[in-house]
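Alright, structures below, take your time with them.
Next, two complexes with chain A in common: one pairs it with chain B, the other with chain C.
And then the complex of A and B:
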């Protein structure tokens, strides 16, 4: 399991269904931008009823008037009221950009859904068309279209809409491909849902958010392109649009430099509003209620103060001693404690099992010792003593120096802990060269020796392989080789065999046991499996809901536990249970239902 | 001798995944034959890559068989079309391994549970009535309907998935590692729920798992798969305590027992077994 998923789910506040809207509205820029866009839409609707002067009403006697009572923003070179033209311009803007947006969205989303869901030839053809569209120089196409069909801004914008379809197609296709093989889509198929209903009910919800965000971006592109086309004067110059106003302003920039001001401001404002709305939507969608986690990082260190209740003294012979450890997420009133005062110790050469169900805090305790708690988590109280050093008082740099050399770690998911971009040999040798100061050749020979030691048949080949080229069991052996490469004194293994097949698990446990005996390192084995505990541990600590239930020798815990919770865990195991009785009263072997053929 | 009619018959099934480019095609299953009767649980056990999940997916129509036949209730469904599949969905249902991805995160529990019902033509009001009964059946709080999957724990989500599977009163449920992602105590209660439902409804299970002890707990008959082939099959008690095939023996010996002394013995026995079978095609 990755770090993020190990955070107990109850730490994460349950996000109500209206959370998205609320998160969005809490963003002041997003709210302001939404208001701007709403205002533009309202103006476009009500402008005919406002009794403004005719936006196209030429009156040369009134030309180039300064702002005043009669003309709020003055008049242009033909005596047309600038305020009125700005207001009427919203209609042209919404219609033009709206056509682009509607066309690109309709074609892009529909084809993206089909290409992503069905794949096959449709996907190939649609992708080919989209690649072609993207490689076309947009402005040349638009100029060609206006030359052929005449200077009509709406036809130009419709064409531009087609040129913009890849923006939606690619986003939708990607999102659909990501969920096409999700189990809930399979479950819907098994339920007999038609493709149309699967898409409508299960797939459309996934693409909704990215499509909305993309729409805001595409709209702002459409607006600037529309203004650009009008500015170039290749569209109908009789409509009162912001681009046309810019066009005139540029032509008369020497005479009346103020003319370009208002349309520029209007275009800038709307484009900015669209981009900010898009960003605010993205933030609202990505924020999953971890709003406070960032603020936590600094107070995390200062939060460690001498415990109010005197903790029992650290045992003298322990390599690692944890006293009254508390781990919490968040700060202040939102603080949520997940480990409530755990005390345990590990002697040199000892294997301690840390057992419990999910949410018991076993992984949190292990990560607190490693100093690798997920973001937002911190040690809120207690003491972690490693080899006489107080770890909670160490700075980040000292903690990092300790990890890898004195304290090593083996994760649950071997694959996600190897960088797919680098060869295995590289990932093994870099720590040895930086930590142990080995030369490149020495590190290489040591890595090969380690790979051979962990039971990899062809160390040279594995050394040169990329992580995806080896199996899960091999990857875990590689990580074990890496963990012991710098002679650690303490190894923390977080469910190291849970992701492996049972036959591979047995081999990896054998390897860990042998290595532990050879090197005399201490091991903290985090696991939920009592079989693994019986196989490798000397002592066992049982945890439940962030508390220690009991600590004892492995024989005692597994055969005669003193706590009822431990007994309950042992009872829920199926290992010793009887096989299910066979209810069919037929003749044993002859009519064995396993033989399908008569 | 009595011969209960067979509900599902699989005969010489083979599934091949097509290769990509120079990669040759991968034969995931070969010569798979078995049968399941009403009210019976057939356990499929094997390690990753053994093809156990593929068998379930072939029966559900999610992968296309390359050869062989699958008969349900006497009718050949090997290559059932979309229309036949929709009718079959009334009889064959599924519970997947991962309770986190098998429920649509944006749908309420009520919507998830009523979906298979409305597909089969139940009107909305009756469907919601039935959803309440289903929640009660899998022992979830009655007010769970309006909530989203993420508000539930793994075990509860798996109960929702089970409720969805039994909503249409199917005759066969393919259970693909339904308890592998769950805690020990949750695992036991979910298995007990499945047994209880089976005893009440006579539904048959095809139960896929990598865990021999889970298989032993729930199955009547067991098939052991290794690299796409059946290596051993028989009664659950026999296969899971006195396995005959070396691979099953190794699987059995590899699972650690929660007792240090016994585990030491088992470890020794496994080492001897592995040493004895090395070089032999397992």
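And then the complex of A and C:
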């Protein structure tokens, strides 16, 4: 429980979608909690008309009675009816917490709107004050206020409302900032709508839902603080409130420990209802089901059943042979297949291009070979044979042991593939030390040599750098150095040049080709770029919508593809130069890699 | 890094000055006639004027504050209106109790929350479901209610732990541990679940990052990846949320100290509030802010050390 002005901040501003109320009501906990809160409000309104015993009716002869017909929950040490006091307590509670909620919402939403919409100095000042407020232990501030104004729970709760404003300020400000420069808001501004109209029409709709969620949380914090203040005695002790009942229960805890039960339950129930309403609303907004967490079965535990069809013959001399590979996401009836039976092979030292549009399943195939399919993805059928070993039958440990030393990987996006928290040298040396058993010094000198080999001008400096301190091209060279550091026999490169500048692309491709020739490793080059294919590949496998279209030598595919899809892919790259037989850069045809290969 | 630290230090000092200014000025102005308040209704005008002069309250506000500030820096926070004891000495006596609670609860919260949060994110299953329920319960149950029930069961009915009192660590480590066990549990439950939730969600975020796949492609064991890459990258959010939690722990400590009769800063704040003891309550506010500021600085340094990008901002 948070008793300072700790503010829940994990509410993302989400644009409400239709059916929100329906989704919310479908959540049983949310519905139940809403009913509980409604009941509390109704009780507070009708309690004077219920004919309950006087909540303050002291009757010492009736003290400490057990629950019975006359006193539904028994009586306390002064003979006051506990049930009646609980019921009357709703009034004080709603009044006190309501003051806090109203004040924090009014100030927080208003200042948040202004800070988010106008920015500038107001934003700076308001944000600074909110940060200040958030670092104050709220209770102590309230105690200080009590020093001045005396024990008055309503003034304390009003002050607490001010301390709670960051809960609304931050959410509203964030949501407004997110949409302030959206096109439709711009359009409204250009069309001459006043700021007030724009805020009312376009901005308030965005912040409405997060504000309601925050209101539920803030109310639960306010309730616990109010009861806490009453427990400490900062209130008029003649008022029947849940906190006062706790105070009485605490003072008599050794004699009648049961006294704390009912007020505790009441406070817990209302707080819980508020929290659950907030959660249910958040879930409805994010449109995510409850109970989403099922135990994760570790991948690759489940060896694939051998296919019913007789296993197709794996080529004898292949380093990697994939037969009838199927990759699917999800389980049971919700299973969705993304790769539908792909067969290909790579000989030792061979470079195979895996080509297709985005969504063709080429990357999924590559990840399946690596055993690194994203969460939920798995090989649902087929066989992956690497160096005679059936990968789909291996356990997690054996699979891990193959990575790095036998099958390595170069990713597409250099900047997001280096761990931002560790120095580049660390990221290069750790795999060599654990996988090759090199000493720290040996790993270091090998890492420096690798960095020099991949064309980094100042290896020492890069070794000591963090990823955010190097350029994209350098990061990709570092990733290549990392991939080849443990002498893999097969390198899987997933669009290794796509994210780079054109000039850097050519250099990185040259580097990969040279490294391949030096080490004699096999390469699977996943790409959508026939320029890359022409530059480096021996054979090409063309994929479309999770299926293999054709496999052939690079010359055949580029000059005389047998499938119309391949031709279309080629054409789409040749729009500007129909006369040229294959897609090279305009000024680069003299040094065309194909000619170089010939 | 040095610039980063200096800036954080500066903002901490600014925070302390602003809060102390607000506390000193608002409280003394709010109460109005402080001298009469101290002396009582029967005091003569001359006595009140004399007292005002003695307390420096006849000076302009700004002068009053800077007098107070320069005294405070040299370790003089005035004397209590009620007991005439030095506020500074009183704070020094009370501080170890609150520090015991805050330090133990914060460390416990950090360790347990990180372990549970990461485990829940990686393995999901019952740990994750339990965490979701506990987080909701922790949000809904104020620490004082937890404390009341702990006292009822473990101190009054079972007599395993003492219901009240504090034994200093220097006197008897075992006694110290016994006296703070229940308070620590009552204070930690809400925070653990809250921070664990934060750690869980940032771990889930980190696990989806590209670099985790690349680290996996290097053939390192899953355990190693989680204990290095994932832990370090997920720690920023977890630590930040822990720092926020410390503010909550200090607030909760007020209730806990009162309920367990621990002579700490929190119960001192309650006593001072009831006695309208202005120098004392200003001192307590300042001492607690000092704890908050220190924790924030430590967390800032930790985060900057763990996450090199932060040092740039």
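What we mean here is this: the second predicted complex is superposed on the first by the 386 of 598 C-alpha atoms of A that agree within 3 Å, B and C clash if a C-alpha of one lies under 4 Å from a C-alpha of the other, contacts with A are read in each partner's own complex, and residues count from 1 in each chain.
Simple rule for what comes next: a contact is a pair of C-beta atoms (placed from the backbone, for glycine too) under 8 Å apart; a residue touches a chain by one contact, two chains touch by 3 or more.
Quantities reported herein were computed from a predicted structural model and do not represent experimental measurements.
Of the two partner chains, chain B is the only one that A:528 touches; chain C does not reach it.
In the overlay built on the shared chain, the residue A:205 is in contact with chain B alone; chain C does not reach it.
In the superposition on chain A, A:61 makes contact with neither chain B nor chain C.
Using the contact criterion defined above for the overlaid structures, shared-chain residue A:358 touches chain B, although it does not reach chain C. Of the two partner chains, chain C is the only one touched by A:421; chain B is not. Measured by the number of chain A residues touched, the leading partner among chain B and chain C is C.
Within the superposed three-chain model, A:482 lies in touch with chain C and out of touch with chain B [touch as defined at top]. Of all residues in chain A, those touching chain B in their complex are 9, 14, 17, 182-184, 186-194, 197, 201-202, 205-206, 357-358, 472, 501-506, 509-510, 528-535, 554-555, 558-559, 568-570, 572-575, 577-580, 582-587, 590-597. Touching chain A in their complex are the following residues of chain C: 15, 18-19, 23, 26-27, 30-31, 122-126, 128-129, 132, 136-145, 148-149, 151-152, 156-157, 163, 190, 194, 198, 201, 207-211, 213-222, 224, 228-229, 232-233, 244-245, 247-248, 250-252, 254-255, 258-259, 266, 269-270, 272-274, 276-278, 281-282, 284-285, 288-289, 292-293, 296, 306-309, 312.
Of all the residues in chain B, the ones that touch chain A in their complex are 1-4, 6, 9-11, 33-37, 39-41, 47-48, 60-62, 82, 85-90, 92-94, 96-98, 101-104, 106-107, 115-116, 119-120, 148, 150-151, 153-154, 161, 164, 168, 183-188, 191, 195, 210-214, 216-221, 223, 233-237, 240-241, 250-251, 253-263, 267, 270.
Chain A makes touch with chain C in their complex at residues 1-7, 10, 132, 134-141, 143-144, 146-149, 151, 217, 220, 224-225, 227-228, 231-234, 246, 249-250, 253-254, 257, 260, 264, 267-268, 271-272, 274-276, 279, 291, 293-296, 370, 372, 375, 396-397, 400-405, 408-409, 411, 413, 416-422, 427, 430-431, 434-435, 466, 468, 479, 482-483, 486.
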